[in-house]
Each structure stands twice: as structure tokens, then as C-alpha cells.
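Heads up, there are several structures right after this.
Here come two complexes built around chain A, the first alongside chain B, the second alongside chain C.
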Partner chain A sequence: MNRQDKIIIDKLSFRYRNRPILEDISLCWREKQIIAVTGPSGTGKSTFLSLFNRLWEETGDGRLTGSIQLNLGGGLVDIYQRQMPLATLRRSVGMVFQAPNPLPMSIYKNITFPLMLAGRKNGEEMTELVERVLTQVHLFAEVKDRLKSDARNLSGGQQQRLCLARALVLEPKILLLDEPTSSLDQEACRKLEELIVELKDQCTILLVSHYQDQVQRTADLVYELADKRLRRVG
Partner chain B sequence: MGVLFQLAAYGCGLLTIAVLVMMFQLGRPLFVDGQFFSLLSQVWQPGQQLYGIYPMIIGSIRISFLALALSFPVSLGTAFLAAGLAPRPMQRWVLAMVRLMAGIPTVVYGFVAIFLLVPLVREHVSRGSGLNILTASLVLAVLIAPTMVVFFVNGLRGVDQSYCRATDALGATAVQRLLYLQLPQGWPTIVSGVIMGLGRAMGDTLVSLMVAGNSIGVPTSIVDSARTLTAHIALVIAADFASMEFASIFACGLVLYLFTMAVVIGLRMLVHLRTGSDR
Partner chain C sequence: MRTLLEKSVPLLAWAGFTVLAGALAAILGYIVMRSWAVLHLSLLFGDVAPIDAIFLRHPVFDGLFPAVAGTFLLVLIAVLLAVPVGMAAGIYLAEYAGYRMKSCLSLLFDILAGLPSVVVGLAGFSLTILLHKVFPGKIGPCLLLSALALCFLILPYLIRTTQTALESVPLSLRQTAPALGATKLQNICKVLLPSKLTDILGGIILAVGRAAEDTAVIMLTGVVASAGIPRSLFEQFEALPFYIYYISSQYTNAEELQTGFGAAMLLLVLCGILFLLAFFTQQTLSRHFRR
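Moving on to the complex of A and B:
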């Protein structure tokens, strides 16, 4: 174990509806890296990602053995231990999904929503944070005049950047990106890739992607998920 | 197939309008000399040629709204449990029980109420017969709860799953997800449930007939006996189709119809306003 270790996976196996998805995975990743996971469709890449914020538990029917330890600021903690509050975990491990999923509210409220969930209500502080994260994802200039309009009216690329901003506003230590560019056009895809690389200084990023060229451009470590195991390929 | 569904929808709409037209047609004598409106403010004393339905209107409103007020929080709480707060096996169990309750015939509720609830109300709340607005409202509250719970659960569960996943991933607790996402998003269906519940409470005849006391006086408190419009329709026996007594039954029907329509429109407008201001 090293001081810089951010993620330690130990003998991790996962079954979904009695179907084995992952078997006996043990890995150790350092902080401030982009770790990409590729592989054919249906091998469980998204499921693998959902193990890090325990989002799979919302759908049930899964069974996990082994452990995942994350360093969320106060040293490594086993995220599957009983004392680990889910809300705290998910506020420290941000996630961006394959399809943009802005919430049915204004652009401004989409960003302040996670803050409100976390119990932060200072209006002035919130406005500053909204501007900061939207600027960080290069969206503020495009939406500054319509922050109160429905976020679902943005273009696909803008929506995905908004979702990224929403995940970043809580300053996560780890960011999970589940094929974040798969529903975007080439230009939007390029912008998001640049952003992902920029974010490396801020947090550790786990990226699931179909695109080999994308992972080669962005990732520090590349793994392939096949036959229920992760194999390093780059 | 689409045309068939459209025809079915238009057919339902036409049938609803046809019922209204029929009631106007059969109650036509009432509209001569404005008798309809005088019926709305008079009491029911057939011996003195007074066929007013004012006490029944008050009885119906008091019983149905009290039933709704009693049932709404319980139904919403049950729906919260069944739509996310309870563990999955318990959610299934709660919903199964609610559906079972919805299938129980009204007369069974009335029958049980006469033997269990009426003595309790008589003993602990009022000194009269125990057949009053409170008793009827309590039974109706139980009766309408399953309908409302099913609507509420559908509304809460019907929220786009991508929104739920996004909210969960942001660290929302189950309660926060319900309060800040599912409840505002499921609001239109929840209002539909309230409309259905109120409609059922206003339209139910048997429970009111069995446990409300059927008094023709104007009720002034919830422990007074009362007669509802529906119970009144069932109780009035008029052989002469041209008589005011017979026509007054249609006044009851019209009042029920128009009142329900006003409530539905009012609640729909509320939903529209809220949805519009939710940005």
C-alpha cells in the first residue's frame, strides 16, 4: 500500500442475477490518473463502474465479494463496510452517464441540486460555484444568459458538459465516466475529451469507452474487460 | 388499431356528455321559473312541498372532503413506502395488500364499520347513534385509500429512470429522491389519484347510506348525522315522474356532476400552474 494509492481492488467478484460478470480482480491505482476500461459490449464495463459508487445496489439482484478501498480524503476506506454512508460515498465519487441526463429543471438548478442535497444553501456561494463549474466545463459563456431556462433544451454536447459540471460541483475525489462521448457528435466529443484530460489534475478518473483512439489519447492506463477479468493493454 | 382506440376515447367522452344531457332533459321541470336554484338552498320537507337538497349538498361535501383529508396523508405515506422507502420485499407486500383492499366490496366495509367502528365512535366521540359524518368519513377514507395509493405509486415510480439514476449518483438519500424528484415529477398523476379518490368518496352510496345516519337536517359538526346526495337519490321513492320530488333526484345528479367537474378542472389547473412554475 502506498500513500498515493487512490483505489485498491482486492479479489473482487460480482454476479448479476446469478450470472458472473467479474471474477477475482485485484488492482491498485494511484491518484490523479485517467484509467480507461474498454471491451466488447455486454461484458459488464458499466456494471464495473457502478461498483465504485455502489449504484448497482439501486437495481438489486447483484452479489459482490471482495473489497474496493477508495481514498476519499481521509485515507483508504472499504466502501462496502457497513458504516460507509451511501450519500457520503456518492458525493465523493461523481458519475457521468452514457446518455446526457440533465434533471427536469433549469440549468442553474441542475448545478445547485447536488449542493442542496448535501445541505448547502448559501445562495451567494451557490451562484459563484455555478459560474465556476460551468466555466470549468467551457459552458458558461454559452448559457450565461439563460441559466433559468430548462436544461433539457440544451444540445446533446452541452447537456453532457452540464452533467459533468453537475458532478464536479461537489468536488469529487474520483470521477466515473461511463462512455460519456458515445451520444455526441465529433466536435462535442473532442471538447469533452479535452476537458477530461484537464480534470486529471483535480481527481482520479475511471473512464469506460468503446473507442480505442479515445482511450489512447486520454488515458494513462488502459484495461480491457473480457472473460470477466481486467487485462492491462496500455 | 390506433383508430379503434381513438374511437373508444371519443365514445367515452360522448357518453359522459350524454349523461349530462340526459340529466338536464329529465330534470327539465326544475329549470322552469328557476326552481333548480331554489332547490339548492332549500331543506327537504316533502310534507310542506319543500324538495330542497341543501342539507345533502353540505353532507356530501363534508363527508367526502373529510374522507379525503383523512386518507390523503396515509395514502401518500403508504405510496412513499411502496415506491422507494421500504425494502423491495416489503414494497411488493404493501402493494399486494393495497390491491387486495381495492377489491373488497363496499358493502363489506360498511358492514364491518357498523359492528366495529360505529360502537367505537358512539362510545368515545359522540353520544348519539354513532352514525354520523365522522364515521362515514373514516370508512370512506379506508375505501378510497387503495385507489389513491395505486395512483400515487404509479406517479412516483413513473419518473424517468435516468433522472432517478442521476439523482442517486449525486448522493441523494431515498427520502431526498422522493421529495425533490419523484414527488414534483409525479405530481400530475398524484393529482389524478386525488381526483379519483374524491370522486369515489362523493359517488359512493352504500357507505353513506349505512353509516352516515341519513338525517335530512343540515349538519353543523362532524358528529352530526347527515345524508349525502347519492344516499338521497337511493332513498327517495317517487312514483310520479312529473313530480318535483322525482325531478329533485336529477338536481342531485346534476350537482354531483357539476361539482366533480369543477373539482377536476380546478385541480388540473393547479397542476398546470405548478408545472409551469417549476423551472
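Moving on to the complex of A and C:
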């Protein structure tokens, strides 16, 4: 174990509805890296990602053995131990989904929603925070005059950047990106890729993508998920 | 052949819509036509000044104001009782119940939805007799018992609407808040319910309509032909649907029947007001959540 170790996976196996998805995976990743996972459709890449914030538990019917340890600021912790509060874990491990999923509320409220959940009160500090994360994802200039309008009226690319801003507002230690550019056009895709590379200095990023060229442009480590195992390919 | 079929489907759909819209227009037109002559303030307030009647300074004996007020109170109390219970049960079925429990309860609520209102009325009547025996002279047929029985009648609509609305939330939206650290309850209250507010309010509007038109249930539990405006939940009351039923089966001359049509018109207007109230509530809540 190294001081910079951010993620340690030990003998991890996962079955979903009695179907084996992952078998005996052991890996160790350092902080501030972009780790990409590629592979054919249906091999369980998204499921693999959902193991890091335990989101698979929302749909149930899975069985996990082995362990995942994450360094969320206070040293490595096993995220599947009983004492691990789920809300704390999910605030430290941000996630952006394949399709943009803005909440049915305003742009401003979409960003402040996770802060409210964390018990932060609305105020000037929060407004500054909204501006900061929206600027970080290069969206503020485009939406500054309509922060109170429905987030679902934004374009697909803008919605996805909003979702990224929403994940970043809690300053996560690890960011999970599940094919974040798959529903975007080329221009929006390029903008988001640049953003992902910029974010590397801020957190460790796990990126699932089936675009080889995107993976080559952005990732430090590349793994292929096939036959229930992760194999390093770059 | 395929082209013919493709062309005939929209035609049939239009034909169906036209028949339905025509039937609705005919019914409304007929009620308006038959009630037009009696639609003035005296239909509501009789000889009493409207202000005096509204502020309960003088009782109205020969107008429909007590029946309008009784119907309004009855629907309001029934809906206020049914909405929290119905929504809670719908949320339980959609979000918490296991497969077996869900199947079992769904079957139970479907049976309840299929019960004729007179059976619900009889159950209410039995409850009234029981309460009358337990608390002699204190509880009899009254507004509260009628509202309770009506609540049972409209509960299945509310439960099913809430359950179906919540179950139709797409997985991508369902997982958004938990991924941001929301608990299950926070997800339900802050994301799932607000996102399906329109559907749930649609169910409430249907329930309002159902509660406002039912006669069998209230006939057996508390409504009478002449009671005035109830001063408490434990008093008997008048209601428009009962008045319409009573007058159409007992009328002695054409004027009395015309008053029945006037009552039908008032019932339609009252339902319209309640629907608008539900619609504006939904709009206000939607705006509140989106801002």
C-alpha cells in the first residue's frame, strides 16, 4: 500500500441476478489519474462503476464479495463495511451518467440540490459556489441570465455539463463518468473531454467509454473489461 | 391493404372523438337549456339576501345554498381525508413493498375500486349503527361518516394513481438524487413526487369528481332532504346529487323538475370550481419545485 493509493480493489467478484459480472479482480490505482474502462456493450462496465458508490444497491438483486477501499481524505476505508454512511460515500464519489439527467427544477437548484441535501443553507456563499462550478464546466456564460429557468430546457451538451457541475459542487475525491459523451454531438463531446482532462488535478476519475480515440486522448490507464475480468491495455 | 388500414385508424379515432365530444356537448347543452329559466340567485338563496345566507345570518329554506355548501364541505373533507392516506399507500406500494406484498395489496385495492358505491354505503351505514349503539344519542348519520365512506370510495383511485406515477419515473431520474447522497425518503419527497405532480393531481381531480357525484353512499350515511348548513361534522347535511335524485323521482310539477336541472347545473359548476382549484394548486406547486 502506497500513500498515494486512492483505490484498492481486492478479490472483487460481483453477481447480478445470479449472473456473474465480475470475477476475482484485484487492482490498485493512485490518485489524480484518469482510469478508463472500455469493452463491448453488455459486459458490465456501468455495473462496475456503480460498485464504487454502491448505487447498484438501489436496484438490488446483486451480490458482492471481496472489497473496495477508497481514500476519501482520511485514509483508505472499505466502502462496504457496515459503518460506512451511504450519503457520505456518495457525496465523496461523484457520478455523471450516460444520458444527461437534470432534475426537474431550475439550473440554480440543480446545482444547489446536493448542497441542500448535505445540510448547507442557501445564501450568498452558495450563489458564489454555483457560479464557480458553472464557470469550471464552461457553462456560466451561457446560462447566467436564466439560472432560475427549468434545467430541462438546456441543450443536451449543456445539460451534461450541468450534471458534471452538479457532481463537482460537492468537491468529490473520486469522479465516476459513465460514457458521459455518448449522447452528445462532436463539439459538445470535445468540450467535455477537455474538461475531464482539466479535472484530473482535482480528483481521481474513473471513465467508462467505448470510444477508443476518446480513451487514448484522455486516460492515463486503460483497461478492457471482457470475460468478467479487467485487463490493462494501455 | 396496409395503406387502407393506416388511413382508417386515424379516421376511426376522429370518429370516436367526435361522437364523444358530441355526446358531451349534447348533455351539457340539454342541462343548460332545461335549467336556463331557473338560473338566478333565488335558485340558490330563495327569499334570503345572499350576504345573509353566506354569513349564516338567516337559514335558507327554499334555495339550494345549503345543498351546495353541504356538497362542497363533503367533497373537501373526503378528499382531505383520502389524499394523505391514498398517497402514502401509493408510495408504499411503489417504493417499499416487496413483490408478494405488492401483488397482494394491489389485488385488494383493485377489488375495493370495483366495489359498487351502494356496498360502500352499506358498510358506512353498518358503522353508523355500530357507533350509534356505542355512543347512543351522540353519533348518528352525519357529515363526517358520509365523508369517511366517500373517502373509502375514492381511495383506490388515489392509491393507483400515485403508485403508477411513481413507478413510471425513468431509472435515470430515479438514480440521480441517491447518487448525490439523498436518502430514499429525500428522493421520494424532493424528486420523485414533484416530477409526477401532474399525474398525481390528475388522480385527485378524478377523485373529486367521483366524490361530488356519488349519491348511494351519502344516502345511507348522513344526507337528508332538508337539514340546512351543518354547523359541525356530526350533523346531517344536504347535498346536490341527493337533491337531484330526490327531485327527479318525487317531482310533482314541471317547475320542480326544472329546479332539479338547476341543481345539476350547479353541481357541474361546483365540480368545475373544484377542478380549477386542483389545477391551480398543481400549477403553483410545479412552479415552486421548478424555481
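Here is the rule we use: the second predicted complex is superposed on the first by the 233 of 234 C-alpha atoms of A that agree within 3 Å, B and C clash if a C-alpha of one lies under 4 Å from a C-alpha of the other, contacts with A are read in each partner's own complex, and residues count from 1 in each chain.
Note that a contact is a pair of C-beta atoms (placed from the backbone, for glycine too) under 8 Å apart; a residue touches a chain by one contact, two chains touch by 3 or more.
Predicted model only: the values in this text are computed from it and were never measured.
Engineer: Based on the superposed arrangement around chain A, label chain B with chain C as either clash or fit.
Structural biologist: They clash.
Engineer: Going by the contact rule set out at the top, does A:R166 touch chain B (first), chain C (second), both, or neither?
Structural biologist: A:R166 contacts both chain B and chain C.
Engineer: Tell me the contact category for A:S106 with respect to chain B and chain C: first, second, both or neither.
Structural biologist: In the superposition, A:S106 touches chain B and chain C alike.
Engineer: What is the contact status of A:G60 with respect to chain B (first) and chain C (second): first, second, both, or neither?
Structural biologist: A:G60: touches chain B, not chain C.
Engineer: Does chain B (first) or chain C (second) touch A:P114, or do both, or does neither?
Structural biologist: both
Engineer: Is A:K191 touching anything from chain B or chain C once the two structures are fitted on A? First, second, both or neither.
Structural biologist: Neither: A:K191 stays clear of chain B and chain C.
Engineer: Which chain A residues come up in both lists, the one for chain B and the one for chain C?
Structural biologist: Common interface on chain A, chain B vs chain C: 53, 55, 58, 86-88, 90-91, 94-95, 97, 99, 101, 103-106, 109, 113-114, 117-118, 148, 150, 166-167, 170.
Engineer: Under the stated contact criterion, what part of chain A meets chain B in this complex?
Structural biologist: 53, 55, 58, 60, 86-91, 94-95, 97, 99, 101-106, 109, 113-114, 116-118, 148-150, 163, 166-167, 170
Engineer: What part of chain C is in contact with chain A in the complex they form?
Structural biologist: 171-183, 186, 190-191, 194-195, 289-291
Engineer: Taking the touch rule as given, give the residues of chain B at its contact with chain A in the complex, in rising order.
Structural biologist: 88, 160, 162-173, 176, 180-181, 185, 278-279
Engineer: Under the stated contact criterion, what part of chain A meets chain C in this complex?
Structural biologist: Per the touch definition, chain A meets chain C at residues 53, 55, 58-59, 86-88, 90-91, 94-95, 97, 99, 101, 103-106, 109, 113-114, 117-118, 148, 150, 166-167, 170.
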